[in-house]
Structures are given as structure tokens and as C-alpha cells.
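Next up, some structures in C-alpha cells.
In the two complexes below, chain A is the common chain; its partner is chain B in one and chain C in the other.
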Partner chain A sequence: MKFRVERDVLADAVAWTARSLPARPAVPVLAGLLLEAADQRLTLSSFDYEVSARGGVEAEIDEPGRVLVSGRLLADISKSLPNRPVEVSTDGAKVTVVCGSARFTLPTLPVEDYPALPDMPTAAGSVEGDVFAAAVAQVAIAAGRDDTLPMLTGVRVEIEGDMVTLAATDRYRLAVRQFHWKPEADGLSSAVALVPAKTLNDTAKSLTQGDSVQIALSGDKIGEGMIGFEGAGRRTTTRLLEGEFPKYRALFPEQSETVATVETAPFVDAVKRVSLVAERNTPVRLSFSDGRLVLEAGSGDEAQASEAIDATLEGEEISIAFNPTFLLEGLSAIGSPVAQISFTTSTKPAVMTGKPDVEAEATDEYRYLIMPVRLSG
Partner chain B sequence: MDAFYASVEQVAKPSLAGKAVIVGGIGARGVVATASYEARVFGVRSAMSIGEARRRCPNAAFLSPRFALYRQVSDTVMELLHRLSPLVEPLSLDEAFVDLEAGPHGGALDTDQVTGIAVRLRADIHAATGLTCSVGAATSKLLAKIASEADKPDGLCVVAPGAERAMLDPLPVRALPGVGPATGDVLRRAGLDTVADLAAVDESELVRLLGQAHGHGLHVLAAGLDARPVVADRDAKSVSVEDTFATDLVDRERIARELDRLTIRCVERLRAAGRSGRTIVLKLRRYDFSTLTRSETLRGPTDDPGVVRETIRRLAAQVDVTGGVRLLGVGVSGLADFAQQDLFGAAAPELGEPVEAEEDTGAETPAEAAPERLSWSPGQDVVHEEFGPGWVQGSGVGRVTVRFEVPGGRPGRVRTFAITDPALRPGEPIPLPALDRG
Partner chain C sequence: MRLVIARCSVDYVGRLTAHLPSAPRLILVKRDGSVSVHADDRAYKPLNWMSPPCTLKEGDGVWTVINKAGEKLIITIEEVLHDTSHELGVDPGLVKDGVEAHLQELLADRLDALGAGWTLIRREYPTPIGPVDILCRDADGTTVAVEIKRRGEIDGVEQLTRYLELLNRDTLIAPVKGVFAAQEIKPQARVLAVDRGITCVTLDYNALRGTEDDKLKLF
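Showing the complex of A and B:
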């Protein structure tokens, strides 16, 4: 095998493919990155039995072939090469990488032992890359991070006609985002999947280059559940999580007693300032009254802080306390200049939504539900 | 207090004065809580299994503890300590530190005055309860504690300022707090047997042997330096409950049910204290006494029984219980005074509600029936319609033997009844007589 490729093109493709390489591979070959050269195209693949990634780039192929090399090493090398064309060739059991006057010789891994990558599930539809990335980021922030409840480390993807709903919760908050997509396959008018949140978020971010992202879901009948994403010449598949995602729709309160509207940026700044004294995530207390929101943190002998900002209030005045991290993450996730928060009581969940300005109607496109902190005494 | 539970029983039960008394769990799985000095002669020690204690001292009176009475006596003693100073730090029902400097006697006490106070205190405690105690007085908590043990029982030891080294030096390293069997072994292998040996080595040597925190702490203690203040209200660091079972539990469902019960008790105590906690701890002791704890730290503190139950069940599912479980415990630590509400916990059944009511009633019937059967535990207070108050000396084959005597009275007579005798009913503990309450 022998090919030549631009340094930036190679580094970019290797970095993307090596992203999902396991730090501690179950079998040694899984630490490898598969390089396949054929038809003026270089294809790079990685797989760890959970996540597979495959990307292709234009290359000048002198001699077609396949070879498996350490992905981690190739990624480190390719990103530090000088900006010159890179020539990669095999020489017996070695791979030689030459760029300018730099020369590397790498051992190969047994390519015949490398598992076949799973096939992309039947395509189901497409969505704009940046819309998808933004939606996933908004939801993934609420997903659980520890493995004690594995189903909470996932993002639930629900497809109903041309509407996709993403939902995630770590049992303290719940984020739900809806967006439209273009379904392609008939008969896939409704589907659900539970996708590992971290993988989904990484994938969505890495596929923003293309105009659109294809999303493909393997149906129940094909056995083991899998979801695939494809865009800009790159495709990745990931195994779905098992387990029952909580029935989250019923968690949103049916009606709210109080609706507060606050400009997001000053609110975020005030929470950040006040929570400087909230050690170990002790709560930030919010008191909404007409035209005013008072934020307080700290108590007793410890450091204390308070700040007042403008707020519009409809309904009863309310005092409520939140974990400052959960509050800040929600305010950032709504991604809007104005935050609208609906309350029922100080022990019931509050719902945050965004709107472009104070006068506008809030939409239900994105909702962030947050459980309050109950103060004793 | 000297052999506290046993001494209380000896005062409360005149026939036991001067006899070997062992207070503890009387069942097959029981351990000795306290042995009187008469029983200690036979090698009976606290925490020994009751079976072992029975072999060593078969003629002792084996009694179930009567905590209500001990607490009452303890309150009397603590009240006497509070007259000396407002700064009283109880370590247990029968042990406390008192900071005399904070008291009415003030800071200008010399050794003679301290001795005088200690002599009067011991007399007052004896007068109020009939019990003896050992008092240690020194310039630090470390030495006061060591001094209190130096002259046990019924002793008094005042370490004069400047005499600390002489007191500490000959002691074995195990006398220092924080030196248990493991640390003791490490030190012994390094040739450090006495506190004098410890005090002679460099701090860096101890840090190398025991690690930074422990090594440094021990170096300071060995030098006789202990600046820990007497703290009147020590904040609880955790809340936990545990149960030992008469027979090992092998059935996972039964284990889960017992854990649910412990969870509810633990959360009730947590809530009663107005607290919440972040770390949920499962404790489990297997048939072979191997004990393990598993914990999970939540992102926010909780006092939600649903959340604690879920977590405990999850922790229990990871533990191998093959062979049986003799003890289960549920605890919450990382305490806070606010609770992060949980989306799913809130939807779970409320405190005290059985999770699966039907299954519970069905399966629990044999266990619940047990208390209904009349049972008399040794040491228990009873009242007989004709003979008055007394205590259970023993019970078996349908009979119960009762000794009728009251605290402060003369040793009483023994009578045996059928356990179902309608004239016999459980009684309340009778307070210890004050010999001279004035």
C-alpha cells in the first residue's frame, strides 16, 4: 500500500476517527486504526464494539491496500507533522510515514484479526447539522454522568412523523428538545432509541461541517439496537442503551401558579457571583416579587451574598432554592436572551424556557425542568 | 463510669452486689456489652461473644441491657458534670470530658484544687447513683483519658503540669488514640513499642510508616501535645441504623425487605435531626464475619426515603450474599441541612408506606407473630400482682423465674411461674436510689 495526502486532510481525518478509540481496548487490535486505500480514496475506520467511526478523504493512491496501525500514535504523529504532503507506505510488517524530512516507522497490527464494522442501519431521515448539534447539546447537559443508573446516561430519541424529540434527565433536571427533520424511509414514522449521551454529543458536534446529517435507526426486528449518523463523508454508529427510560412527559407540571421573566445574561452573571459563597453546591435562594428577583447564598456563620436584579412576575410571589450548577446549566442551555421560568410551589419542579425578547411568546421547542432544593428549618 | 451497665444492674438488683454480672445480647448471636469486674476476673471482656462469656464464667448473671435506665443514670451523672463546667463533651453514656477552665472554678486551678474537685465529684456521683467512677485530670484530653484509665476502677489520677512525659513514656503505643491493631503492628515491626520510642523518632519516620496525616498526628500525640478543645455539642457526621439477625438471611427478597425497613428507620432518624445526606452507605456482615460497606455519593443531599431505598437496593445488588448475612446496616453521611429534590424519588411512595403491601403482610406474618408470644428476657423488669416488682432471672420450658427485690432494698426471694401467668406483667425500671441526695 502506498498513498499521498495533504497533512491537514490526514490529521483532521485521523483525529476524527481516533476520537472513539478505547483507552483500554478489550483486545489489542481495537487500539488500531484501519487505513484502506483504493480508488483515489483513503478510508479510515475505528471500532470498539460499542462505537464505530468511518471517514474517507481524497488521496493520491499509488498502490491500493489495507493496514492496521496504532490509532493513538498515528493521531499524535499526524497532528504534529509539518505542513507538507504526507506519504504513507507499507514495507513488510512496517508502515512508513514520510513528511518533509520527518520519517516515522510504525509496526502494524494484524489486519486479518480486525472485526468487521457494523453496517449502517437503513437510513431514516436527515436534519441540518448545526440544528442537530445544538439540539443534542441542549439535552445532553441534563443526562446522568455516573453509571449507577445506566439508562439515565442516555438521550432518549423519539421519532414521530417529521418530529424528533430528544430527552435526558439525571433525576434532578430534565431537558426536552423538539425539532423537525426530513424522514426518508416509509414505515419508520415512529421509533424510539436510547443513545449514550456522551457519544451522541461528541458525534453531533463533529458532524456540523456538512449541510445535513443522516440519522439511521435499526428497527427492533434487526436484533441488537443501533443508531447511525452520517454527514460530510463521515459515518458513525453506536450501540443503543438498554433499559427503560422514565416516563418523563408526566413530570412537567400541568399548570403553573407563577411565571417569571428575566433577562438571561444579567441573571447568569448574578447567579455566578452569588454562588461564589455557595460551597460544595449549597443552594442559591431566589425570591421573586413584583419587578424584582433577589438572589442569596450562604447562611449562618459562613460567607453570605445577595444581589437583586429586574424580573417580571405574573402570579404569586415565590421563594425557591436551586443547586447553582443546575440553574446555570439550564440558563445556558435555553440559549435565548430572555428566560421564562414557571413555578407551582417551592418544592415542585420549575420549568425554564427561552424567548427572543421579553414581549415574545415562549415556545415549547426546548424545556428544562429543574427540581428545587428544599431547605430545612 | 466503671463497668457502667453491669454496675447499674448490681445496684438495681441487690442480690447481684459483688457477683459476676454480664450485660449484653443474650441470644445466640449476642455479644458482651459490659462485664462487671467480678466477671472480668474470668477473662470476660466487652465485645466477646456471649457463648464465649458463658464458657468462661458460667455462673455469672447474664442480663439483657435496660438502656432506658442507663440513660436515666447517665443523665444524673452528666448533670453533676455540668455543675463543674458548661463545657462537657460526652463520649458515650458513661464517659465525658469536662473543661474545668470554662467552669466557675476558672483558669487559676492548681493540682491540689483539681484533686479536690475530682474527689468531691466522685463522692457526689456515688451518693447520687451508688456507682463508682474513675477520674483522670490533666492538661489535655489525651492525658486526661489516659489518666482516667490508669487507676481503674474507682480511681483518681491527676497528672500535674510537667508530669505528662513521665505518664506517657512507659505506655504501650496502643494506648494512644488512633493506634489500633494494624497501626500497632506497623509500629511494632519498626521496633516502636512504647510511647517513649514513638516520641524519640523523627516525624518523617512516622510519616513514612503511616502516611502523612496519621504519621503527623501520631507524632504530635506521642509528644504529649494535644490541643483538641472540649466541644459540648459535637455535630453528628452520619446517621445509621443496623440489625443483627438471629439466623443468617439467605433469601435476597428477605434481605431487600430488611433493608427497606432499616432505610425507613434511618431516614426517620435523619429527618428527626432535620438533616439530609449525600452519601448512602450499605453495611453488611456475612456468615463468616467478613464485613463490607458499599457506598454511593449522590449529586445532592437527600432525605427522601425513596431515593435512599433505591440506592441501598442498588448497592445490595452488587454484593455477594451467598452463605448468608448476619448483619445489615443502612447509613447516610455527608450531612447537610438542605435536600436536593429528586424527580423520581418524589413520585415514590411516602415514608412508612410499605412498597408492596400485599407481599409484606403475607411474608412477615411469622416474624410479626413472635412478639405476641409471651417471652421474658433475663434482667427484664416485671411486676407481679401479689409479690410486687422484681426482675426475670431466667425463663425456659414454659416457666419464668423472678427475683422480687427493688433497688436499695435487701436481696429478695426467687419464685417461679408459668410464663403465661396472668398475674405477671412487664414492669418499668425503678430509678436507682440516691444514697444522699441533698
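Showing the complex of A and C:
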């Protein structure tokens, strides 16, 4: 095998493919990155039986072939090479990487032992790359990180016709985002999948370069337990999580007593300032009255802070307390200049949504449900 | 076990030398020959000690403890305040961690934490090399052996692997799958378990015993 490729192109492709290399490979070949050169194209692959990644770049192929080398080493080498064309060739059981006057010789791993990457499930539809990335980022923040409830470490993906709903919850908050996509497979009217949140988030971020992302699920129902994403010449598949996701739609309150409208940026700044005195696991308290929102944190002999900002209120006045981190993550996730928060009581969850300006109607495109913290005394 | 309380000074002569000036102290002489000198503070660490094998020579007001390397612990006794011996017999050893035993009991009661429809066969299911914590059936009726640990490390996976090998020879219950359940599972142990087809489950002790914090939750 022998090929020549631009340094930046190689470094980028290797870094992307090497992301999903296992930290502790159960079989040595899984630490490898598969390089396949054919038809003026270099294909790079990694696989750990959970997540697979495959990317292709254009390259000048002198001699086609396939070879397996240590992925981490190749990633470290390619990102520190000088900005010159890179020539990669095999010589017996060695791979030589030459770039400018730098020369590396790497041992190869037995390519015949490398497992076949899973096929992409039947293509199911596509969505714009940046819409997908934004939607995943908005939802993945609410996913659990605790292995004691594995199904909460996933993002639930529900497909119903041309509507996709993403949902994640860690029992303290719940994020739900809906977006339209273009279904392409016949007969795929509905599907559900539980995708590991971390993998989904990494994947969505890395596929924004392309115009559109193909999402591929096995049809009918959960099927083969796999989901695939493809865009800009890159493809990732990941195994789905098992387990029953909570019936989250019923968690949203049916009606609200109070609706507050606050400009997001000053609200975020005030929460950040006031929560400086909030010790770990202590809340920031919000008191909404007509035209005014007072934020307070700290109590008793400890440091205290308070700040008042403008707010519009419809309905009863309310005092409520939240975990400042969860509140800030929600305010940042709504991604809108104005935040609308609907309350029932100070011990019931509140719904945060975004809107472009104070007068506009809030949309249900993205909803962040946040559980308050009980105030002692 | 011989307990001596005496006003004494202690000199250690060996790789390094140390001196404890005269003061009242507790001297323990254990059945294995070990000698340790304690002050009236801290739970576990003696001021000075000699590990077995070593010999104790009791002279007139001077005890000399010598180990194989020729190092010496010299205890100069000015006044004996107390001197008793007690026969303690053989110690049963540290019994199974209380939390681990409790986890086993809780999990046996709430097998749904492992999966819906799982049923208990028995706790402490005997095998020729010791009892496996829980033997149960999953929803499909497949036999599952569960090994419970507080901290899931490589040793625990090895232990479960040995149980599974033996259990799978019993045609009445084979095939037997393995579940490695712990409050915390080390990444190395997880890799080994998954490689051997053993499922890893992280247990929430507080949730199992129903003492969850009183934080408000969505569900």
C-alpha cells in the first residue's frame, strides 16, 4: 500500500476516527485504526463492538491496500506533523510515514483479525447537520451520568412520520426537543431508540460540516439494536441502550398558575453572580412579583447575595428555588433571547421555553422541565 | 495475648535506630511472638513493634526482642503496673462486609432492579468452591448467577468466572449467565467482565434500601 495525502486532511480524519477507539481494548486489534487505500480514496475505520466510525478522504493512491496500525500513535503523529504532504507506505510488516524530513516507522497489527464493521442500518431519513447538532446538544445536557440507572444515560429518539423527538432526563430535569426531518425509507412511520447520550453528542458535533446528516435505524421497531449517522463522508454506528425509558410526556404539568417572562442574558448573568455564594448543593431562590424577579442565595451566617432584575408575570406571585447549575444549563439550552417559565407550585416542576422577544408566543419546539429544590423552613 | 502496662523506655536497634523515653505504655505480646508498644492514642499504629518471626528474651528489667535479621527491640522496664494473659483462640477472621451482605439481601428481595420478571432460585447457592451470592432466573427463564461486591474489581470478576465455569457443568441449570453487581465497578473489571460475556450492573445501595435523599425529583 502506498498513498499521499495532505497533512491537515489526514490529521483531521485520523483524529475523528480515533475518537471512538477503546481506552482498554479487550482484544489488541481493537486499538488499531484500519487504513484502506483504493480508487483515489483513503478510508479510515475504528470499532470497539459498541461504536464504529468510518471516514473517507481523497488521497493520491499509488498502490492500493489495507493495513492496521495503532490508532492512538497514528493520531498523535499525524497531528504533530509539519504542514507538508504526507506519504504513507507499507514495507513488509511495517508502515512508514514520511512528511517533509520527518519519518516514522510503525509496526502493523494483524489486519486479518480485525472485525468487520457493522453495516449501516437501512437509511431512514435525513436532517440538516446544524439543526441536528443543536437539537442533540439541547437535550443531551439533561441525560443522567450515573450508571445505576443506565437507561437514563441515553437520549430517547422517537420518530413519528416527519417529526423527530429527542428526550433525556436525569430525574432532576427533562429536556425535550422536536424537529422535522425528511424520512426516506418506505414504511418507516414510527420508530424509537435509546442512544447513549455521550456518543450521540460527540457524533452530532462532528457531523455539522455536512449539509445533511443521514440517520439510519433498523425499521419497524428497535430491531437490530443499532443506529447509524452519516454525513460529510463520515459514518458512525452505535449500539442502542436497553431498558425502559420513563413515560416522560406525563411529567409536564397540564396547566400552570404562573407564567414569568425574563430576558435570558441578564437572567443568566444574575444567576451566575448570585450563585457564587451558593455552596455545593444549595439552591438559588427566585421570587417573582409583578415586574420584578429577586434572586437570592446563601443563608444564615454564611455569605449571602441578592439581585433584582426585570420580569413580566402573569398569575400568582411565586417563590421557588432551583439548583443553580440546572437552572443555568436550561437557560443556555433554550438558546433564545427571552425565557418563559411556567410554574404550578414551589414544589412542582417548572417548564422553561424560549421565545425570540417578549411579545412573541413561546414555541413548544424545545422544553426544559426543571424540578425545584425544597426550601427548608 | 499478654497485656503488660509498664513504665518503660524503648530502643530499636536495626536498619535505623529509635528511642522512646521513659513513660507508661501498653506492651502487647501476641501468640505469634510479635511484640508491640502502644501509647494512649490512635487506633491502629503502635509506637514501636517487631513482627514475627521473632524471639522475646525476658531479662531482669530488660526485655529484648530479636528478629531473623538481627534487629533488636530493647524494652527497659522500670515498673510493671499490670500484667495479664488471655487465651483468645483462633480468630474467625473478618466476616463478609456488612454492606455486601445487606446488598445481597436487598437485591434478592428486589430482583426487579436487575430486570423485570426475574425470579430468585436461592441466595448463597452452593458450588464446590463456595456459595455464589444469588442464583436466579431472568424473564426468559435462563439461569443467572449474580456476584455482589461493594467495589467491583478484577478479583470479583475472576471469582464469578470460576463459579460460572462450575455452574455450567450442571446440566440441570446450564446455561448459566453471569451478572457482576457492585456499587462501583472499576473500568478494568468492567472490560474483563464484558469480554467474558458477564453483564455489569451498578447498584444504588440507598435506592435499594429505600433511603434515598429527600431531594425533589421528577419521578
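By our rule, the second predicted complex is superposed on the first by the 371 of 377 C-alpha atoms of A that agree within 3 Å, B and C clash if a C-alpha of one lies under 4 Å from a C-alpha of the other, contacts with A are read in each partner's own complex, and residues count from 1 in each chain.
Operating definition for what follows: a residue touches a chain if its C-beta (ideal position, glycine included) is under 8 Å from a C-beta of that chain, and two chains touch if they have at least 3 such contacts.
Remember, it's a predicted structure, so these values are computed and weren't measured experimentally.
Taken together through their common chain A, the two structures put chain B and chain C in a clash. Contacts of A:P283 after superposition: chain B is touched, whereas chain C is not reached.
Of the two partner chains placed by the overlay, chain B and chain C both lie in contact with A:P349. Once the two complexes are laid over each other on the shared chain, residue contacts for A:V373 go to chain B and to chain C alike. Of the two partner chains placed by the overlay, only chain C lies in contact with A:D147; chain B stays clear of it.
Of the two partner chains placed by the overlay, chain B and chain C both lie in contact with A:L251. In the overlay built on the shared chain, the residue A:Y172 is in contact with chain B and with chain C. Stretch 311-319 of chain B is the one among 311-319, 383-391 or 419-427 that clashes with chain C after the shared chain A is superposed. Shared contact residues of chain A with chain B and chain C: 148-149, 169, 171-174, 246, 251, 347, 349, 369, 371-374. Across the complex, chain C meets chain A through its residues 116, 185, 187-188, 191-192, 194-195, 202-204, 207, 214-219. For chain A in complex with chain C, the residues that touch the partner chain are 23-24, 26, 146-150, 169, 171-174, 244, 246, 251, 347, 349, 369, 371-374.
Interface of chain B with chain A (complex): residues 274-276, 296, 299-300, 303, 311, 314, 336-346.
By the touch criterion given at the top, residues 148-149, 169-174, 246, 251, 281-283, 321, 323, 347, 349, 369, 371-377 of chain A touch chain B in their complex.
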